[in-house]
Structures are given as C-alpha cells and as structure tokens.
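The first chain written gets the first letter, and so on, giving A, B, C and D; residue counts start at 1 in each chain.
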C-alpha cells in the first residue's frame, strides 16, 4: 500500500517538477511585463529538439545542450523585440493571441526544419532506475528535480542579490520609476524573455529523456505550466514551484487512486476550486483596489 | 451622405444582408456553399462571443466547450433518443445557459489572466467529458447526427426542395437558413448592445468602477452576458451538428476555443462586422494555405502574429477608421 | 435636520498602518460638507470607505439610519449614494451622452427580453432617459458635447461629465473627490456655481478638495483630518480660527 | 523565406486555384486521385508516410505509362488530424476538384466525418484508418485497407490464449485509436476466455504512465498486459513498464508497428509482442510467402526514395492506391459506380498489409491471419508466426 503511494508521489513530483519549471518561465516574463507568454512551451521544445539535432551533427551532448539553450535564448529575445515590444499598448486578449501566433509560428518552423518525428535524448546518467521503499524512481527524474531546485535557488539569488535581477524586479513593480532611476526597461524586458527561454530550454532538454521530444511537445506543457502558475499565483516564484508540484502530484494521485481518464479533469477542477476561494492563486499578491 | 450612412446604427446589417444574399449568385459549386454555410454558422457564434469579449471585456478561453455541449446535446437527443431537432436545440440552449450561469457566477469575479485560466479550465473539463463518455458521445472518433428537420420537413444538404416555384438544392437551402440565422443573431446582438443592458456591459469594459458607482451590479451583468454568449454558442453548435452530420469532441476543445476568440480579436473586438470578417478569414485560411504544404503552420502563425502587432484593434476597425479619415478629408472634415 | 451619514469609530488599516483612525462625524441632509487635510491625510481613503470600495477594519457607517458597512458600491447607489473620482472614471469606449445615460441605470426597468427585441416600452424609457441626460449635460455645462466620444473630450469637460453622470442617478448624497483639481480659475468658479445649484436642489454634497477658496466659500461644515485622525470640525469660520489647523497647515 | 517571395507564392497559389476551377472541364484529363491526410498534427506519423507513399507511387505509375493510358493526378490536403477539416477537404475533393476516387483519411475520426459526404456523392473512398466502425456496418462507398482494431484485438487475445493467459491488464490511450481499441478488446476478450482485470488510460500528451502501470501490476492475478495506443504514448508506457520492472509478458497494438517505435523505446521494448503486417520483417518471410516480393519491393523503394525507415502506415496507403488502380483498370473507366463494384469484387490482391478478398459484406477484405505476431528481440522485430 505504502509503496504504491510512494510510487504515485515520485511520479507526481517528476511531472510536477517539469510543470514548475515551465511555470517559473511564465512567472519571469509575467513579472517583467505582465504578459502571459503562451509560446513558453516552444522554448522547451527548442531545448529538446535542438539538442537532438546538434547531437545528430556529431557535437557532444554537453555542448549540444549549451548550443540549444543559446538558440532558445536567441529566440526568446527575438520574440520580445519583434513581437511583444511593437505591441506594447495592446489589450490583454490581443497579447494572448500574439503569443499564441508566435507559438504556432515557431512550431511551424520547427516542423519544417526538424521534421515531425519523435526523438530520444539519452538520459544524462545511465538508464538504471533507483529503488526506494518498494517504489521506482527514474534516475533522470532526479536530474529534473535537482536541476529544478538549482534553477530555483539561482533565480532567487539572481533576483535578490544581483543588480540586473533587481532591475527586472524594479521594472515589474513600477516601470516609470525604473526608467527614472536609469534602468533601460526595454533591455530589462529582453533580458526577462531571454532568461525565461533559458529556463524553458534547460527544462526541455532535462525532461526530454523521460518524455521524448518533438516539434509539437510545447503546446500541452505550456498549458500545464500556465495552470501551475495561475494556481500558485501569477508573479510568485514560490507559487509557481508549489503550483507545479501540486498539479503533478494531484494528476498522478488521481490517475493512481481515482480514474486515469479523468485525471486532467480533476486537475482543472482543482484550479477552479483554488480560484473560487483565492482569486489570485495560492501565493498571489493581495493588491488593494485603487480608485 | 456616405459619412452618415457609415455611422447609422443598423446600416451594416443591411450591407451584411445584401452580401449574404448576393454571394450565392456568384457561387456555382456546392463545395463553396458548404464552406460558406459553415462560415455563417461560426460567424453567428462569434457574434455572441463578441458580446462577452468585445463589449464586456471579459476573456473566455473555453467557449468552444459551450459550442460542443450544444452540438452534442442536440446530436444525442435527436440521434439516440429521437427528439425532434428543434426541441433538442431549445432544450440544449436552456441547459447550456443554466450551466453557464452556475459556473459563470463564481468565475466571473476573477479578473484578467485568472479569468482566462478559469474559462480555459471549464472548457477543458467539458471536452474531457465529451471525449471520455463514449457510451453517449461515441468518444474521440465522434458520432453521426441526423439532419435538421422541422415538423417532418427534413433539411439535408443533399436534398432538393421547391420553394416559390424554384428548385433549390439542399446545400443552397442550408446556406439560406444559416444566412437568416446569422442576420437574426446580429440584429439581436446589436439590440442588446444598444439597450441599457448593452450600456451597462460596455461600462464594465470602460470602467468597472464607474459602473459600480452608478449602481450597475457588475457580477450580475457579467453572468448575464456570459449566459447569453453561451446560448449563442450552444444554438449554433446544435445547428452545426445537424448541418455537418458528424461531430467529434475536437469542436469543444481548447484549440477551437482559441480559434473562436481569435476570430473576435483578429476581425475587431466590439464590432459585429469585424468579428464576422474574422470568422470568414480564419475559416478560409486553411483552404488558401493548403497549397503551401509543410509551410502552412508557420505561415498561419506568422499571419496571426503580424495582424495583431500591426492592427491591434483588428482589421475591420482599422480599415473603417482609414475609410472615415479619408471621407472626412473629402467632406472637409468633421469634429 | 435629519442625519444623512453618521460615522462612528471608523478605522482602516493597510498592512498594520493606520490610514484612518477613530474617525467620528456626521453629515446632515442638505449640507455641503467638506473634508480637507494635507496630502496623504486619508481623505480619499475615507471616501472609499464611505462609498463601499474599501471595507473598514473597525467602526460603523450609517446612511439614512441604515448600517451600510461592507455593502457593495452598486448597492449603495440603490440607496441614493453616488460619487466622482480624483482619478477620473469615465468610460472612454462610449460617447459623452452614453456615459450620462449610464448614470440612469437604476431608473430603467429594461430586461433582456425588451432589449433583444427593442419593444416599445424600452424605446419609451430610452427616450426619457436620453432627454433627462441631455438636460443634465446642459446643466453641468457639457451641452456642446452630446455625441462626442468621451475619449475626445478635454479634462475639464470630463470632470463635469462625471458630475452629470452622478446626478443622473438622482442621488440623495453626492461625494465629489477633488472636483477642482486641474481646473483653471474660470472653470473653478463655474464649478463652485454648479455645486451651489446642486445643493440648492436638496442633494447632500460631500467634498474632498484642496482649493481653500472654493471650500471655504461653499461649505456648510468642514472636517479637517491629518494622519487619518480628526483634527477639527466646524463651520468655515471656526476652522479658519482653529489653532490646530493653522499649525498643521503651516507645518507646525 | 522573405515576405516578398511569400506574397508571390500566395499569389501563385491563388491564381492556380482559380485556374484549376476554370479548367476543370477540359478533355483528356488525367485520372484524379483525391486524398486528405493528417500530414501534420498529432497523427502526422500516420499521414506523413502515407503521403510520401502516395506521391512516390503516383509518380512511378505515371512513369510507367499511367492507368488506362491516362496519367494519375494526386490532389491532397492536410487535415491536421482534425475531423472537421477532413470533412471540408473531402467536400472540396468531391465537389470542387471533382476527383475520381479518394484514397485517404489517416484517422477514424477523419474518415467517419467524411463518410456521409462520400456516401451522398457516390464517391469510391478507400480509408487508411483503423477502427472497425468504418466498415461495420458496411457503407456502400467506403472501403478500408488496414486491418480493423477489432481484428488486432482478436489476434492479440488469440496469442494470449495460446500462451495460457486468462487475466490481463489493459492500458489504452484516450485518443480515437486507443479508445476504440479498448472498446473492441473489452468486447471480444470473453470469447477467448480472457478477463480484463485492470483497465487504465492515458492522455495523448501524457509524459508518465507509471501510476497507471503500478495499478495494473498490483491487480490480482494479472498474467499479461496490453497497451492499445499510438504516437509517443506507447513508447513511454514501454519505458515506464521496464523501469517498474514489471515481470509480465507485454503486448502492444499494431498502432506502434514501426521502426521509429523501437528507436524511441530502446531496450525497454525487449520481449514485447504485437500484431503487424510482415512489412517490418520482410527477410524473415519464407520465400514461398506470396507477400514477400511485394513487401520487399515496397520497403526498398520507400527507404531509397525518402531516406527514412518504412512503417506499416505507409503500407496502408500503398495498398489503398493499388486497390484503386486495380479497380479502375478492371472497370475500364473512371465511372464511379463501376469502380465501386470492381473494388467490392477484388479478390486475391496481394498487398503489403495482407491479401485482400473484398465482398459486399466485407469492405476490408483481410483475414485475421494477415496480422503476424512479432516479438522484439535484440532491438529488432522477429516473426513469431
């Protein structure tokens, strides 16, 4: 009984760690620009697919990953410069459609360049699963969780200890004030998109050995990441991590104990429930209505 | 003169009616009628969605859920339980309206992205149920639907009907029915917008705070318009089901919700002609892009992105503003 | 004289900071009652508390003898309370006249059915609503802007438009939050005249305003607050001579 | 691609669309083969090899002089795996392009959505999709080349019975293929004295099925596990299965009968069995097997032309096209009713998928034996029988 529970928990945490990383990507961009970037999933796709493609050229895995991450960052910056910046005064819905358009565009290009097949990325270290209390944990899962944790810590340090990080936070709180103290807000926004792309592509390549990778893997991951981010409270880093893990665990527990057919429905019902009682998510700011 | 015409309340309905009834004279191929009928049906759906998104300023990323519910309710009631289609459509609308009211009331207190998240979740749950309850819905492979019939008179795209001494093939008859439905949908929507209810809705978009201070119960009006737009979707979903004769849960899915809201935003929010144009463009796009083969997806994404960047208000309002400016210049300008 | 608004022991905290503390006063029907105080004294917060945008941490607010604490702005509007804003809240997606007609929202009985089919009862109501709104726009001096898009109007005109919209609701009490801010001398004089006329019609007016000349000229009573607390209350004459007020205003 | 050339290309397409409408009445025209396939989207692993196969063989047939002395013209559309699109493109093929026969429909949803139009128009239609509902009940104008999922379920259960299993765990995808396969398996299991003691599902884009598999392996007395699904899901199931160290015989459906699946699943696939056409193991066929030559020919031609490995899905399209050609040749014209009658009359046609014997009550024409049971051994397919 317990080993079963442990198994569901491990599974949930692995899936949840992925969602959390996607959700963090949403959070960074949301914090800097209040845009929900529906193209976030494409960064994961680029991370995985570019790694496969660079490795196919004979480049060793480590360097292939670095190149793939750089490519994703480039795409992230380009996305901000070419698509988001020109539409800065647009409606929320319009921005949603722009990022959806961007995601379709990136996916379309990827499909032409890389083809439509699914690909395997070799696990970082061995294929041997780890056994713990009667349950099995994939060694790559440890990588996902570990890299996730490292990234979260690195982000905290970045946003609280470094000048650039604080500049991004400052811009998110008050754009005008940030401009007044000499922060180049356009630069900061570009940075935020680049950073978000970095996060996404690292996540993409880390989970690829578990989930495989293909040109269209980004859609659902982005959606789940958005769910996780909204559940945790948009803009809250802690919320993104908790939201992601919670979502993953609920999905796997539902699949294990209730119904695998309705696990997504249960996850979506849960977010509705959370929002009914906490309209700004679990850790969202309680801003006061200003009149 | 022309200037006045452009600004008249219902002029565009007249223009629309002319377009709807002249276009068939230019088409000789049943395939075009088939496509045009679908455009009319989907256009009527987004005219309803526009009340919510364009006028009241509330986002819905799950509206296809209501469309799918309407379609499946009708399909199951008529095909499995032999209800008359008209009854099925009406009951479906009532049921969907009720469901929209029950879920809308709590989620419409949410704002911005949280509202889009909640509507997305509702749409997803509906799609998952339709997909999984295969005993009723036929599951992901879909189910077939009987044609529309009225008091024993069956309307099939393949039939042949005589009206006023003319022989009218089924595909044209369907086109005309869908055309009339669209015109009714537009007139009703415009009437709502021009009424005190419409004023209250638009004020929610303009300034929710102002609306509340003069006594507008914003939660009530948001729910109301949510229900109205869900009923629009339900009715047109039912009609679509009877028209195509075969439906799959994809019509209730997230992708389709995105298509619906894109039609609204692309064509021009808060502009009935705009959203109809949006429906036309988005529905025709796959047909035109079919020649591009593997580049199709990329081009579609590019067009979507570029339009929204360069015409954030959508192309109809952008074009009309340009036209107004031009006319204004000729007539010496107007304040 | 009946008491219109009665406030007892009103407290509002934001994250432990007292924005309003232990405030008590009452406004009688038909008065022009002004709230003054230095920047950040809590005047707008007080208005937001009275009009239902904030919920008090402690204390009671009664309107016409009924406790209205925690009531939504729209329910307060049903009870005859209406207001304008320091940061204007005009629906820029509508015309000026539509903004005023919106103000008559509660006077209209239209429902979905009459609206969908534009039944005669709706058209009658709309006609009456339009006439009354046009009248009000002329009353506040916006008669030239009937069909102008709100987004195309000047700042001063929008300020008057907001008042017209509030009046359209046939309020018993009208709260004006810095109506003269940003207006020039002539416009301020017109505004003073307008407020006087409104008061003459029996509408109780509460005012937050920085322009001392305006305030002293039209107020029946004044409330001076500082750091969220009552500093003084009284007639303009009493306030003018109050040593505490003088000290606060001269930076004492 | 620059914006300018994009625009130009759009212009060219628009112009050629208009032209094709105007010229549709010209004489001595080619035989038009219409097709709508899921070339992109979630079912692209079906549509992509199907389109490649059709293109390649239409070309080849034309080089060899065409059919009835006329050239073949392939008109195809991508339905992106969406049934509504499929229906619209079917309408376009029938009414606008006025094709002579349709070979297409990668998924069951797409096929069924197009079927009413095809039936009404009287258009011979050879579907490339799996579910048994396509041909049962028989629709006059609708044929199909792949074995039905019901047949696959029967074949798998037959093998299970043979090996003495009587309690199995079932896991299936919630997509059309998996859901229909699940239904068929549950329906026919009893006939083989097999009880399904665990019944789990997974979504088409799920990335981990460990929870479901844990439940299955914990069910009482499970002898074997069957996964009905296609896409990358079954490969993940296979990997999870191996990671959980479940020590039960494992079966997959014909939905993963491609070398790409082996690449994805890797070592984890070792020992699993599935029913498939012999396309994956041409060398293992005995020389007297009538399919051997056909299968080898197709495999070599495909792999040489496209530089990618063959899959059984492309084979469905090969058979679909060849059946169409044979029927048209037999009819001596493209008269639709005649072609349809000839299709129904085909017997003994040796294809890649199997040997077809159509009949008025059998628009599929394949025997269960056309499915060979394969087992994965040392990273490759091996013929069990």
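The rule we apply is simple: a contact is a pair of C-beta atoms (placed from the backbone, for glycine too) under 8 Å apart; a residue touches a chain by one contact, two chains touch by 3 or more.
Computed from a prediction, not measured in an experiment: that's the story for all the values here.
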B-D compared against A-B, more contacting pairs: A-B
From chain C, the most remote chain by mean C-alpha position: D
Chain A and chain D, separation of their C-alpha mean positions in angstrom: 35
Chain centre separation in whole Å, for chain C relative to chain A (CA means): 47
Computed distance of Cα centres, chain B from chain A, in Å: 33
In chain A, residues with contacts to at least two other chains: 111, 261, 264, 289, 291
Touching two or more other chains - residue numbers and ranges from chain C: 53, 85, 89
Sequence positions of chain D contacting 2 or more other chains: 40, 174
Complex contacts: residues of chain D adjacent to chain B: 1, 6, 9-10, 13-14, 16-17, 21, 39-40, 77-78, 80, 82-85, 87-89, 91-92, 94-96, 107-109, 112-113, 115-116, 120, 131, 133, 174-176, 179-180, 183
Chain B-touching residues of chain C, taken from the complex the two chains share: 51, 53, 72-74, 77-78, 82-83, 85, 89-94, 98-99, 101-103, 105-106, 108, 110-112, 114-118, 122, 125-126, 129, 148, 165-166, 168-169
Chain C partner contacts - residues on chain B that touch it in the complex: 188, 191-192, 194-200, 202-203, 205-207, 209-218, 224, 228, 270, 335
Sites on chain A touched by chain D in the complex: 4, 7-8, 10-12, 14-15, 18, 111, 116-120, 127, 129, 136, 138, 207, 210-212, 214, 216-217, 219-220, 252-253, 255-256, 260-261, 263-264
Footprint of chain B on chain A - complex, ascending: 30, 36, 83, 86-87, 89-94, 96-98, 100-109, 111-112, 223, 226-227, 230, 234, 261-262, 264-265, 268-269, 271-272, 275-276, 279-281, 289, 291
